[in-house]
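Below is a structure I'd like to ask you about.
In this document, chain identifiers A, B, C and D correspond to the written order of the chains, with residue numbering beginning at 1 in each.
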Amino acid sequence: MRDEAQPLRLVRLRRRTHFLLDSGGVGDRTAQLVHGALVTLVILSVAAVVLESDADIAARYGAIFAAIEYVAVAAFSVEYALRLWSAPEHRLYADLPPLKARAAFALSASALVDLAAILPALLSFFLTADLRILLILRLARFFKLARYSPGIRSIVAVLEAERKALAATGVVLFGVVLLMAAAMYVVERDAQPEHFRSIPASMWWAIQTVATVGYGDVTPTTAAGRIVAAVTMVMGFVMLGLPVGIVATAFAEEIHRRDFVVTWSMVARAPLFATLDASAIAEIMRYLRAQSLPPGALVVRRGEPAHSMYFIAAGEVEIELAEGPARLGEGQFFGEVALLRKTSRTANVRAITPIKLLVLDAFDLHVFLQRNPEVGRRIEEVAASRAEFRARSRDGDLIEAEIDERDIASRAGAP
Amino acid sequence: MRDEAQPLRLVRLRRRTHFLLDSGGVGDRTAQLVHGALVTLVILSVAAVVLESDADIAARYGAIFAAIEYVAVAAFSVEYALRLWSAPEHRLYADLPPLKARAAFALSASALVDLAAILPALLSFFLTADLRILLILRLARFFKLARYSPGIRSIVAVLEAERKALAATGVVLFGVVLLMAAAMYVVERDAQPEHFRSIPASMWWAIQTVATVGYGDVTPTTAAGRIVAAVTMVMGFVMLGLPVGIVATAFAEEIHRRDFVVTWSMVARAPLFATLDASAIAEIMRYLRAQSLPPGALVVRRGEPAHSMYFIAAGEVEIELAEGPARLGEGQFFGEVALLRKTSRTANVRAITPIKLLVLDAFDLHVFLQRNPEVGRRIEEVAASRAEFRARSRDGDLIEAEIDERDIASRAGAP
Amino acid sequence: MRDEAQPLRLVRLRRRTHFLLDSGGVGDRTAQLVHGALVTLVILSVAAVVLESDADIAARYGAIFAAIEYVAVAAFSVEYALRLWSAPEHRLYADLPPLKARAAFALSASALVDLAAILPALLSFFLTADLRILLILRLARFFKLARYSPGIRSIVAVLEAERKALAATGVVLFGVVLLMAAAMYVVERDAQPEHFRSIPASMWWAIQTVATVGYGDVTPTTAAGRIVAAVTMVMGFVMLGLPVGIVATAFAEEIHRRDFVVTWSMVARAPLFATLDASAIAEIMRYLRAQSLPPGALVVRRGEPAHSMYFIAAGEVEIELAEGPARLGEGQFFGEVALLRKTSRTANVRAITPIKLLVLDAFDLHVFLQRNPEVGRRIEEVAASRAEFRARSRDGDLIEAEIDERDIASRAGAP
Amino acid sequence: MRDEAQPLRLVRLRRRTHFLLDSGGVGDRTAQLVHGALVTLVILSVAAVVLESDADIAARYGAIFAAIEYVAVAAFSVEYALRLWSAPEHRLYADLPPLKARAAFALSASALVDLAAILPALLSFFLTADLRILLILRLARFFKLARYSPGIRSIVAVLEAERKALAATGVVLFGVVLLMAAAMYVVERDAQPEHFRSIPASMWWAIQTVATVGYGDVTPTTAAGRIVAAVTMVMGFVMLGLPVGIVATAFAEEIHRRDFVVTWSMVARAPLFATLDASAIAEIMRYLRAQSLPPGALVVRRGEPAHSMYFIAAGEVEIELAEGPARLGEGQFFGEVALLRKTSRTANVRAITPIKLLVLDAFDLHVFLQRNPEVGRRIEEVAASRAEFRARSRDGDLIEAEIDERDIASRAGAP
């Protein structure tokens, strides 16, 4: 309704703009170019800020740094404006009225990082701000990179999800630092008044000891002080387990969650499971496990006993048939014949690109097929048509690789 | 019986006192105020102790610090007395005779921390105690904060539960420090008699090396000493795994336990499950998984295939119906229609506050409903009444969101 | 057969000796005394060695240290001889011929530690050995403590089980140290020939950097050197995950294994499960989870909904019945009435010592009882006899707490 | 086809060559010798490079080092050539045409390490290369050891699999270092211009603080600087959880995967399971758990209740029967009699070498036998034949230990 009220061309442009800026650039040249340019500009402008802080370098190459800064601020300003304008196309704010969507987007973490990237320049028009804070703001551009890396987004998500547990750890850490600083202040004050003349002064020693950094600029010299220091170190040892435990556990869960999402979308897209309802998809998800292989690796070897079938999540494999090699790609499956007939493997299957497979063990397949006989029928059909095809093509050139004609793989020249 | 023997008014006052001091302050203004005041006072008085340790600051602001101390001791004394008096209302000591309850409470860890917070002041009336120990006692107030933070309580519970394993680690650590100190004493004694003249002296080097602190005030200079040091570092590397492993594992379990308790109480409170007995609740607990979302996030998108239904554990969502938005809150559920009818989603659902959801996958729901058909009937009723309501309200203003009339959500103005 | 051939008295004495030295001292005064004396002697003699290494202290208290050493060596020699003699009683070497059992024991790790504890003294009779190695040997006594601490034994078992993985980590660590030392030697050699004049010299810097100790006695000063150092630090950061991961995973498994063994022996001993065969015990083990509570804690609260029953693995609880309190101890169970009748709890149950409980959830109980109806009948019998008893004892004094008369708990005076 | 086209002798030689170089040397004297020689040569030549870097040692033993280098380069060159020639026999490149197999092998990581081991010498023929880079290349030989250690291969596989997550951690770490360096530069620049004169200079301080190395050559001296440093340390504390979590989780999975592969091949080889199809093998894999025991340990004790049966994965056990001891080795099983008859154990079973067992609990066995009755029949047959044999052999000498005659174990002399 909202979209119909606006000129259709504008909506299309807005959708395209949003796609170019936010799609991840998969499979679109222009989007990849835009992303590459933005990433390059981030890295260049951060490098310029870093190098410019050296007075010698600044004196020599100041003009270049200034140019980079102008270009970067201009580009980031345009980027910010376009992002704001195309926010209603954003998946998270879809179906909101345009102004609300833009307001919601403007308050999101990544939009604030975008704003911080241009704020120093905008501020310098209006006031002679403290250069030092501007410097930090300009470096914050670095975190614009987060948008282009799923890994960094995972880390941010983990820290975000566990911020309460981390804050509690921080409070306990602060309490330990406080107590040990006071203890050190009590025992070492007289021996080294210059380092331990007050609790705040002692805290400098305490934090670097608990964190196991140990610069060594302040160290206890009395026996009592060294015992306090030893206790502090042991406490740091134990405390270290808290953030590591929190972050490590959360990170492992985050990775599993991401894998789950990937697997789900893969299964839902596979033609074989197209007719399944959600409960059957949820069931088969429990049986599949992921496997990654480099190009050239043998997945299945002729003559080996068969104990699993494979779904291709990404990449391509080559089946080395007597009739010549055949290729299978994303969404297709193989290894079902030997499994259903309980024979050994009839052909080598080799990865020809880096591949991701979902493996289904024989036992799980049988359990699943008992509950979902129609899937079994479809697998049988594919297996039968493949066998028939191979019989037909003994003197032919092609091999049927999937249930319909579109999936027939072209034969490569025999080696 | 005990309560009837006492004047009823006093019992009510005691209950109110206990509620104000110990409830966590959820949903009660006065309790929140009391807690806020106590937390502020703890922070202020700890800050005063820390700053007072600096002679310069003490000379300048001594009067302020003294005032803070007087107020804090007075308040904490009253707090301690009230807690002691209202101890029979404490969940853990309920049903004990009042005196026994108070004695049990007085020996609990948190009551001892409370006592330590006022002990220095009490002691100074009777004797001229060592000021240094008093200082540490006064800083122990910091741990009064633990009462107000579930995170800190979790950390304390973890350290408490694993104290035996941590103590064993401590003994092994001590043994390693001892042996490596002796080895270093043997090889380095002649080269640096000032640092390694005895095993106790060498232990100062050993502990800071095993703990990977490495101040660097004592380092080996001979080749043999450096080899001993390298072995010590590698041992520290390996030893580090012990406390981290213990604490991290225990912390992960503690978090799961807390989640379990939260989920249990949520499920037990949900009207839908009110008729279930414990074994059915225990069963459905296995199927639910938690999910947290920020305000504004789309939980369910119109037109998507449905693979789960949702229970709201905390927060509110807005269903964007054609008839206007409707709100659902804690204890209600949504997403059941598409799941039962196997259609795709019929409306967007968006979080309007930060929300916690319990997600039930389609497959699990079907398994559970086979065993508990009465739950299925209730879900069907709600789904039917919602559909009927939506039919009726095409020209109306309201939407029935739950099974009874109280749950009808008020319609917000159309955007 | 072997035992009959020997005088029976001697066999009894040998069994008693082995029990006194190796039983862990549970429930036997003399054994506890023997263990206490041995532990004290270990600590005293280690402390003597440590303090004696200080020339001043040695000059002053040399006589005391010598006395401690004589007593310790004498006692440890007698202990070693007795252990060797009584080795055929050892669980691990049972059914071996005596001499073989003794030889096998003499080669075990703990016997070698025992031998090391007396070796220095034995050696000094025959040769004027290097005092330095003797010193280390004497300190190795510290590890005699491992015998008396399950925690330390767990740690040793973990390090033992993962020795291959840890060794591989050590080799990789060594490779990284080697490469980074060589890189630093290449870039920093000219700037600081005194610290980086050769690869072995650079390795001193590399190991303290990878292990994140960082004494700071050797640091790079050139830009290239600092970049190499930064890379080395990041590698140390990553490498740290290896031993931590290995040790933490293995430690978590070791704890679970220990818990499994404890639970198994508890379940096998419980009268309720006495008639079960191994497969049923193996089944119920999967359902039980452990819980520890401090004295005074409420396990079950009157009026609450019932969702689990409890088996007492260790400690005692008090049931606060209207007829007066009743006690239940190790091996007994409670909480079954409300669970079977689906009513709410009928009495408070409170821990009166620190207790360990095995908790069985309602859902699991029902599943288990369907397969093992005879256990259900026995639980029903106990529940019925308890109900009957309570009816009878409204004006009486006793309460039947378990299925047979021996278990009737004496009534304490009403509060 | 390819093989038939080549002279058969050559193919056999190539297969033998590949076996000698790549088999792991299990059970073949010559292969063990070849591996031993190569490992020794790697260690010697690396040691030579390390020691040669010291000018004094180089001057004295230069001739020896040169000799070692010549021998090593010659041997490694021959090894590389042979590996390249025999690559078509490699499991991963089997069924590829020879040239393709060799090209694929030449680009694998381990072949590149092999090439790096000889490259410096090869290069020095053609050009006067920079000696410093040659030095690093020569040390890279160290990683040739990876081929001979499954532990190192596991570590490499972990780092490889998690390279994306580790790279993301690295980028975040770099961002934190950058921001904290800039903050420190802002606050400390004026106080210590020699250390913090630019952001790149400050980064040297930041990286050693975040990585908790803390050399102490650069430390903040102002109060603001110390607060920035404290924040940096806490960030380092938290960041540490990321690589540890990634590596530890991946390492635990890698170990489980390796165990799975080992168990699978063991089960598939066991005669008892020879008739099972893949789905039944997949099922029983879920029930088995591994156990390792040292020689001399009692696996089963006469008179104890039976709750599991055992499959020998590696090593030998001795059954101490009244008729004399009998031995069982790899692939055989024991403990089934007491389990099937629900009696207690009838004989001691003791490990006589280090053994690896797969343990099957009673409950799981019964479940499995219900689905696979033919396995139950075979176990019954073995149990029956063993019982009959024991009856016959009361005055005889032999005991039948497995289902066919080849497996009869020879009786050792009675102790």
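The definition used in the following text is that a contact is a pair of C-beta atoms (placed from the backbone, for glycine too) under 8 Å apart; a residue touches a chain by one contact, two chains touch by 3 or more.
To keep track of the chains, here are their UniProt names: A, B, C, D = Cyclic nucleotide-binding protein.
In this text, all values refer to a predicted model and were calculated from it rather than measured experimentally.
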Partner chains that chain B and chain C have in common: A, D
Copies chain B and chain A - interface residue numbers shared by over half, same or different: different
Rotation angle superposing chain C onto its copy chain D by C-alpha atoms, nearest 5 degrees: 90
Between the pairs A-D and B-D, the one where more C-beta pairs touch: A-D
Duplicate of the B-C contact set - from C-D, B-D or A-C, the pair where over half of the pairs recur: C-D
Distance from the mean Cα position of chain D to that of chain A, given in whole angstrom: 29
Centre-to-centre distance between chain D and chain B (centres being mean Cα positions), rounded to whole Å: 41
Multi-chain contact residues (two or more partners), chain D: 212-216, 240, 244-246, 248-249
For the chain D and chain B complex, residues of the former touching the latter: 212-216, 244
For the chain D and chain A complex, residues of the former touching the latter: 91-95, 97, 100, 104, 161, 164-165, 167-169, 171-172, 175, 178-179, 182-183, 185-186, 197-201, 209, 212-216, 219, 226, 229-230, 233-234, 236-238, 240-242, 244-246, 248-249, 268, 277-283
Complex interface listing, chain A residues touching chain D: 46, 49-51, 53-55, 57, 132, 135-136, 139-140, 142-143, 145, 149-152, 154-155, 159, 166, 170, 173, 203-204, 207-208, 211-217, 240, 243-252, 255, 292, 296-298, 301-302, 305-308, 320, 339, 342, 348, 350, 361-366, 415
